[in-house]
Amino acid sequence: MSLRTRLDQDARRGLSQISLPFIFVMLLLAVPLVILLAMSFWTQDFLTLDRTPTLNNFIEAWSEPIYRTLMLRSLKISIIVTFVTVGLAYPAAYYMSFIAPNNRKAFLVFLITIPFWTSYLMRIFLWKVILGYNGVINASLMGIGLIDKPLDFILYNQLAVVLTLSHAWLPFAVLPIFVVMEKVNRTYLEAAQDLGDTPFWQFIRITLPLSMPGVVAATLIVFVPTIGDYVTPKLVGGPDGLMIANLIELQFKKANNAPLGAALALSAMFLVTAVAAIFVWLNRRYLKAEGAA
Amino acid sequence: MIELSNIEKYYGDYHALRDVSCQIKKGEFFSLLGPSGSGKTTLLRAIAGFEGIDSGAVMIGGQSMAGVPPNKRPTNMVFQSYAIFPHMNVAQNVAYGLRAQRLSKTQTAEMVNKSLDKVGLAGYGERAAHALSGGQRQRVALARALILKPKVLLLDEPLSALDRKLREEMQSELRHLQRSLGITFVLVTHDQEEALTMSDRVAVMFEGQIAQLGTPQSLYKRPTSKRVAQFFGSMNILKAEVRAAQNGVVITQIEGLGVAEIPQDLAPDIQGSSVCVGVRPELMTVLDDDQDAYDKETPAVVTDIEYRGELTYYDVKFEGLDTPVVVSMRNTTNREIKKIGQQVRIGWENASAVLLLDQ
Amino acid sequence: MSKRILTIFMVVFVLFLYAPTLLLPIFAFNDSTFIAFPLSGFTFDWFASLGAAVELRGAAINSLIIASISAVTATTLALLASSATVRYRFPGKGIMIGAIMVPMFLPEIVIGVSLLTVVLLAGFQLSIYTIIMGHTLICTPFSIAILRSSFQQLDPSMEEASLDLGESRFSTFRRVTLPLIMPGVISSLLIAFTISLDEFVIAFFLSGTEPTLPVYIWSQLRFPRKIPSVMALGTLLLLLSICLLTLSEIFRRRSARRLGQKDNGGAW
């Protein structure tokens, strides 16, 4: 312990500890992604793999109308779902942080997260039940007498997908916003009030800006995984609501065209990362202090 | 007991300890005193083994501590936050370090009880950690460290988390404890009163260096620099010119006060230079009309008064000196308090002034 | 005034959140093979049929094994990663922890597909071990998020005190660190367990001949006659989740109370 080394004791300990999880991630994520990337430049003929590099898969992915349509549709659905989810989550988080009494907060967090812990598949399937021709909504509306024929536009289309996905992601969106709101120092609000702000302006000028890191986190948490959702479009989307993930699965399984599937998957990932990066960059000044996640 | 030689420590580019050397004697109560950022805690942690040093040596009991981790050093530490393990009760906390000795349950219990007794917490063994007050936590931390019979006990600002009254109580308790145990104590504090009250010797640190090391008395009465002087209580700093220096006496002309023959041993070549001279407020007296017992006497005018119960602080203005000088007087029963604007005579001794050797 | 609006909103919000879940028990006890209104009558038949389904049992056991191993592995990796990032400074820290957290933000299908590619190209068999790898990968970021706050609450002088009193690094971890971060560890284990138990996409791509519970359920969903039993199964799983979560919350609160920590609701 007598000579100054470039990596001091602190650094050595930290590095040795993080090495195991880091290597794990490298092996299971980085390496496979690189291989996936390589795969996207190859061609598959039934079960044989031709490894000569080619851009055909990417060209096909972006020029074939069906792939392009689905890619853009998935992006669109992701964006809409994110808006709806974060939009609904924000008031809920606000209630939980600023209106609910302190001793109830832990309970509310618990309450919000329980649905998250029930089977995802079940929840999607149940939405099918709710929105179906003989489903809960139609049965109730007919029962009350508001309509005399069941509604047929609420299932097997993009609307159903958006509705179902928004519902599924709500707890994910509420929690990050809640956490950040809890950190907002209430004394700031008192100071603002002392300086003349009404509750409305206190919200606009203090609470809203300070809660933005949470909003950004929630947006990313919802937006990025949604584009690749498989189960929801498959169960409630119908042909109109099909998303890119369903096509990717098809390429890997029945269509025996893994390279195309890889190209599609990577294109989707690139698309969503680009949009997310632009979003984060636009909001960069809100993220300077405590960062998201 | 502890020998620190030429210790250097960097945090990146920040020079935290600069060529620090000192010796701490066996059985003494030694304090490291300084403002935050002075390096005192870094030095303590280097002795404990929690910080490495970049060059220099730490020797404890004649043995080099290079490469020796904290759990193998003959030191134990009382941390600033006390670090009482919340998931154990008091007895378990105190017995924590005994595990390696593999004592029987009865032996452990006996030692724990003795230790708790010594710190005034007899019977507290079963108490849960979170049910303790700040002062009690500190005692548990002490008991936990002392039960291992270390050669040196290191204390990192142990009293800073306590309120004033408790702090004063603990100061004398720590002093008594140290005397009764005879162990070397090394204490870090930013509170000069604490250091003066408890220690045998104090090292005053600024910016990673030891500015002055000595007994509380010598630090207070004979500070070697302005900064050290002003760190302990208040000190009037006056400009002066050295007329002559020989035979252990320095003749100076102090602005406002006149000529003083200060008993201080300095080389004769200091003659003619401009220096700073320090005089403590309590070493000057506002003379009553019939008093005449002092070496020197200078007329002045009272410009401000601050009554502080036990003492009264006067701002007095001397002729030839722009800024007022502070003089403090004990408020005895019959002593009258002067008024602003009143003409007074200030009495002082030659020996009350001290030359401060820095710029 | 806005307080009242928000309160009403919250009530509606929670009802909306729970709506599908509440339907589960209704149709699980409904005496009809059609999942539609109107309801037909009360029956235990569907629950009974579950007992006979051998494949269900196999899938359930697979899921339990996978979830347990994934939870333990993810928590262990997360312990290492959180300890490293919260307490030490070292070069490359930002990049490394960023990489470890990435799986939380990637679409599961991308992870599933890339792992599938590697497994197939390397000639390995798909088995529960491939699924365990995938699940550990996605659970670790969640565990890190939880354990990070545990480590931030940990007073560094606790470990220093233990070292100072003579304990080695390992026994310091065992006697001081681990007990103090226990609430986080419990939360992490339970959350990772639940995530793995319910995970479908990666399991769908990586399961060989031994399906997990969600994969089994998926295969049943295409048979209309099997649906009510699936409802019954779902109800049981719901009950199990609620029990697990309640238990975890009780333990977490008790642990936190014993350590005198503030209760932040377990929100990470």
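Each chain gets a letter, A, B and C, in the order it is written, and its residues are counted from 1.
Keep this in mind: a contact is a pair of C-beta atoms (placed from the backbone, for glycine too) under 8 Å apart; a residue touches a chain by one contact, two chains touch by 3 or more.
No experiment lies behind these values; they were computed from the predicted model shown.
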* Asked: Higher C-beta contact count, A-C or B-C?
  -> A-C
* Going by C-alpha centres, which chain is most central here? -> C
* Please work out the Cα centroid separation of subunit A and subunit B, and write it as a whole number of Å. => 59
* Asked: Roughly how far is subunit A from subunit C, going centre to centre by Cα mean, in whole Å?
  -> 17
* Asked: Any idea how many Å lie between the Cα centroids of subunit B and subunit C?
  -> 56
* Contact set on subunit B toward subunit C in their complex -> 48, 50, 69-72, 75-77, 79-81, 83, 85-87, 96-97, 99-100, 129-130, 141, 144-145, 148
* Mind listing the subunit C positions that touch subunit A in their complex? => 2-3, 6-7, 9-10, 13-14, 16-21, 23-24, 27, 34-38, 77-78, 80-81, 83-85, 87-93, 96-97, 99-111, 113-118, 121, 133-134, 136-137, 140, 145, 194, 198, 200-201, 204-205, 214, 217-218, 221, 230, 234, 237-238, 241-242, 244-245, 249, 253, 263-268
* For subunit C, which residues are in contact with subunit B within the complex? -> 155, 157-158, 160-168, 175-176, 179-180, 258-260
* If you look only at subunit A, which of its residues touch subunit C in the complex? -> 7, 10-15, 17-18, 20-22, 24-26, 28-33, 35-36, 39, 88, 91-92, 94-96, 99, 105-106, 108-115, 117-123, 125-127, 129-130, 132, 134-136, 139-140, 143, 167, 170-171, 175, 178-179, 182, 199, 220-221, 224-231, 235, 245, 248-249, 252, 258, 261-262, 265-266, 268-269, 272, 293
